[in-house]
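What follows is a single structure, written as C-alpha cells, with notes after it.
Labels run A, B, C and D following the written order; every chain starts at residue 1.
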C-alpha cells in the first residue's frame, strides 16, 4: 500500500478532456462537489458523465460547458424539482442524454466485476427506454429466448466523496451508499475526496466498516465539507436553501453569475466554503 | 420482519431428499456442522451438494450416504491432506463430482443477483476443467468472440453458520466470509445456524457490520459451537486434533463408527458437544 | 363534507395494499409512499420490512417514526439494522418479487397501464423530465405493480403515453405475462383488466362522482355496473398520519406547484431546523 | 555446505518476484507463499498489499507478523483494515491483473507450463486430488503466473499433465496471448520460453547440479549455454524467515509426508496452543 494523497488540483490534472467521468453519490446526497468545482475551474471540456442520479453536480457542469454527454437514470433536484440547465440543454439538444435505468447502469458496471463480456437479461424488453439505448438483442444459446446484451460500462475515472479514509485509500462510506462501490470497482481510475484522512490504525478497530478498500482506489484528496450543498451523513445534511437559491438564479438565466461568483472567481473550494459559511453552518449537525 | 427462529430438527425437516443444498463456510472454516449432523441423523438421501471448498462437511455426508452429487472447487482438509471418504467415493464413482473452479461457482450464483440468464465470459476456455463442466460456448453478439455461457446456479437451500444474528435473520458474519453472501442471495431458501441470537437493538448500533440482512434469510436456528470441529472466529479455531482423529478413523475404514458414535447414536448436537467437550475446550478462545 | 383530505385517503389506500410480511421499497421523492409504509407497519402489517435508498433495513419498535424533509437520510440511518447498497436493493427485489411493494409516481399513465417519466410531447424538445430511475426495470417484473397519482388530470391520465417507461399492456406480446397493475389517484382506485388490457375503476373515493373521473381522464375508463366506494380512513389511520407520521404535512407537497409549493417547503424546512440541529 | 535449506532459498526466490506496490494474494494451504509475502514487505517491497482468504487487506506497521498454523484466520483478522469476500478478491484480481502476485502449488506441471490439481492417471479412478480451487481461473489471465514446487520430482515435472487445470502453452491457439509463467522449485527457477513454449532453466540454486534437475524431471528442460546461479538468501532474509516470520518452521510441512508430517504438525500445534489460548 502506498500513500495516495494529493491536492485537489493535482488530482484534477489527471483527467483529460473527453474522458468518461463517473460521479458517485445520489441526487442531493454525497456528491463530490469540491471536485465538480475544480473540473469547472480548470476548464475541462467534452467530458462524458456517468451517474446513477444527478442533481446540481450535473447541472453545474452542463451550465459551465464542461460536458457533452451524460448517462444517468435520473437528473433532478428531488423534492425541489427539475434541474434547470440539464432540462434546457437536453431539450435544446446542446448535450446528448442517454436515459438509463438503474438496471442498465448497474448491469453494465457489474459485467466488469464478474469478467463478463456483457450481461444477458430480459429486463426492459418492450420499453422505449431500451430502444433509445440501442442495445443489441440476441437469442440465448441455452434457451433460445430473446435477450438484451447489456454491454460493459468502464468509466475512465470515478470521483467519489467519502466520510473518512486513510492515506492508502481505505474508505468508510456511510449513509446512502448508492452504487459507489460498483463505480469504484469498474472504473479504470478512482479519485476519492474525503471529509477527513485518518490513521490506518483507526480502521483496524472496525475493519467491517471499511467498505471501499485501498485496492480499488488510486488517489486521495482531503476535502472537508466537500459535498456541500449536497449531504454528507452524519456531518451535514443537504442544503435545500442553497439549492433553492441555485435554482432561482438559474431560472433567471443567471447560472453564469452563480458559477462566476461561487467557482471561477475563487481560487479554491475553501473560498466557496468561506463565501457560503452561514449556509454550511445551518446544515451542519452538531457532534453528539 | 417476522420471527424466524425454529429448532434445528424443524429446519432440517424442510429439506427434501434430492434437493440441492449449498453449504457455507470454506474448507475448515465456519462450516454448519450441527446442521450436517442433523442431515445425517434424519437420514436425508440423494442430496446434491454445492460448496466452494468442502472438508469434513462433505466427507461426512458422503460417508453417511446422504449425497449423490457434489459441486465444489476443492474438497480436502487443507494442511491435513485428502478428505478420505470423498476421495474413495469419487475414485470408485459412487458419487458424481463436478469439479468447479471458484469462478464457475461464483459466476453461476452471481447471475441470479443481476438477473442475468447466464454469465458470458472467456474464462477457462482451453482447460479440461471447462470440458468436464460441459458448459456451452457461443459467439458474442457484440464482438463475435468465442464465449462460455456460465449457466445460473440456483441451490434449493443454503445452510450458513454465523456468529450472531437477530430473530429476523439479520446476520453479522465475521472472519473468512467466503461466498456466503452470494450463496444466501442466490439460493431459494436460506437456513442460518448461529452461535447466538441477539436482540435487534444490538445490531442497530453497528448496522454496517450486518452483512447478511434478514431479507435474504428464511430460517434461524440457535446452535452454539455449531461449527466444531471447523472454526468460528473469534470464538474458536478449527480443531486440527479432532480432524486428525477423524482422518485416522477413516483411514482404517471406520468412518461408520465415527458417525455412529458422534452423530446417529446421539439425540442432538448437544450430545456431540458433550462427548467432545475437551476437544471443544482446547480450541475455544478465552474472551478478551 | 369529508373529514379527510385527498392525500389522506390515498395514503390509506396505499397502506392497505401492503400485506403483512411484505418488503416495502422506497424510491426517490415519494413521501406519500413512505408514509403509507409506516402506516401499514403501525396497523395491519407490523411485519413489513422497509428498505430505503440507503439500501438499509429500517426498523422501529413501537410508534412509527415521524418523516422528515431535511433529515430523511439521518432518520433512516438512525433506525437501520443493516446498511446496504442500491445493488443490494435490486438483489432483494429479484429474489423476493412476490413480496415486494413499491409505489411509483408516473408523469403519464395510459389506458393500458403504460407509464412515462421521460419526456412529454412528440420528442424530447418540449418537456424533458428527470427520468424514471428504476420504474422501467421492475414495472413488468413485479406480479403486483403500483402507481399513485396525487393529481388526477387529463395530462396525467392519457390515452397513450408519449414514451413507454413502465411497461403496461399496450401490445399483446410475449412479454405480457399475468401480472396486476394498480393505480391509486385522488379520485379512486383503478386496475388494468386482464382481458381487455384496459384501465377499470375498482372503487371511487367517498365524495367523488363518476363525472369527476370522466372529466379528468383523457380516455374512457371501464366501470362496473355498480361502482364500489373506497372505505374511508379510520380514526386511527388519520391520527397516525396527522399526529405521528407526518405532522409537518410534508405529504401535501405532492399536490402543490410553483410559488405555493416553494413557500410550503420553506415553511417545513424552518420548522424542522428549529427543532433538530 | 549451504547455510540455508531448500524452503529458505525457495521462499527468497518467491519473495524477490514481488515488486514494490504489488497486490499479493494468499490461497489455500500455502504457508511458503504467505512467508514470501511477509518477507518481501519487510525487505524490498514495503508497499505490498496482502489479501488473504478472509478477503481482508492485511496490514502491519513495522516487524512482519509470525505465521500460524492454528490461528491463521485470527492473525489475519487482527491486522485487517478491511474485511471482504471471496467475490471481492476476484474483483480486485480482474481490475488489477498487472499488479497481482499469487503463488500456486501444482500437483503436476508439464514442459509447456500446464498444471494439474485434479487427478493423477488416465482417469479419475486412480488418484482424485482435492481440486485446483482458483488456479484455472487466473492462470491464463495473469501477465505473470507463478508456481512453486517444493518437491522437484519426476511425478511433479511431467511431460504432459493428465488433466489441464492451469493453462500453459500446450496448444498454439487463440488463447495464447503473451504472458509469463515462472516456476520455482527446490532445485532452481524456471520459465516457459515464448518461442518454443517449453520450460527453460533460468537459474540453478547454489549447491545443485544440472544432473539433479535432469534426474528429477520427466522431460528435457532447456538450458542456456552458461547456467546462471540463484543468488542465495541474505543474512537478513534468513533471519526474518527463521526468527520473525516462521520460527515454528511451519514451512517445512510443505516437504513432509506420512507419519513424519503428522508428528511435525502435532508438534507445532502443541507449541502454538501452549503459547496462545
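Definition applied: a residue touches a chain if its C-beta (ideal position, glycine included) is under 8 Å from a C-beta of that chain, and two chains touch if they have at least 3 such contacts.
Bear in mind that the values here come from a model prediction, so they are computed numbers and not experimental data.
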{"item": "Chains in simultaneous contact with chain A and chain C", "value": "B"}
{"item": "Those chains which touch chain D and also touch chain B", "value": "A"}
{"item": "Far-end chain from chain D, centres as C-alpha averages", "value": "C"}
{"item": "Between chain B and chain C, centroid-to-centroid distance (C-alpha), Å", "value": "41"}
{"item": "Approximate Å spacing (C-alpha centroids) for the pair chain C, chain D", "value": "58"}
{"item": "Numbers and ranges of chain D residues touching at least 2 other chains", "value": "77, 83-84, 87, 90"}
{"item": "Two or more partner chains touched - positions in chain B", "value": "103, 106, 110, 114-115, 122-123, 174, 208"}
{"item": "Which chain pairs touch, all of them", "value": "A-B, A-C, A-D, B-C, B-D"}
{"item": "Touching residues on chain D, where the partner in the complex is chain B", "value": "28-29, 31, 53-55, 69-71, 73-74, 77, 83-87, 90, 118, 124-137, 140-141, 163-167, 171, 173-175, 253, 262, 265-266, 269, 273, 277"}
{"item": "Chain A residues within the chain D interface of the complex", "value": "1-2, 112-115, 166, 170, 185-186, 200, 203-204, 207-208, 210, 213-216"}
{"item": "Contacting residues of chain A [partner chain C, same complex]", "value": "26-27, 29, 52-53, 72-76, 78-80, 82-83, 86-87, 90-93, 97, 99, 101-104, 106, 110, 122-129, 146, 174-182, 231, 233-234, 237-238, 240-241, 244, 282-286"}
{"item": "Touching residues on chain A, where the partner in the complex is chain B", "value": "103, 106-107, 110, 114-123, 136, 138, 140-143, 145, 147, 149, 151, 172, 174, 208-209, 211"}
{"item": "Contacting residues of chain D [partner chain A, same complex]", "value": "21, 23, 47-49, 51, 56-57, 59, 77, 79-84, 87-88, 90-92, 94-96"}
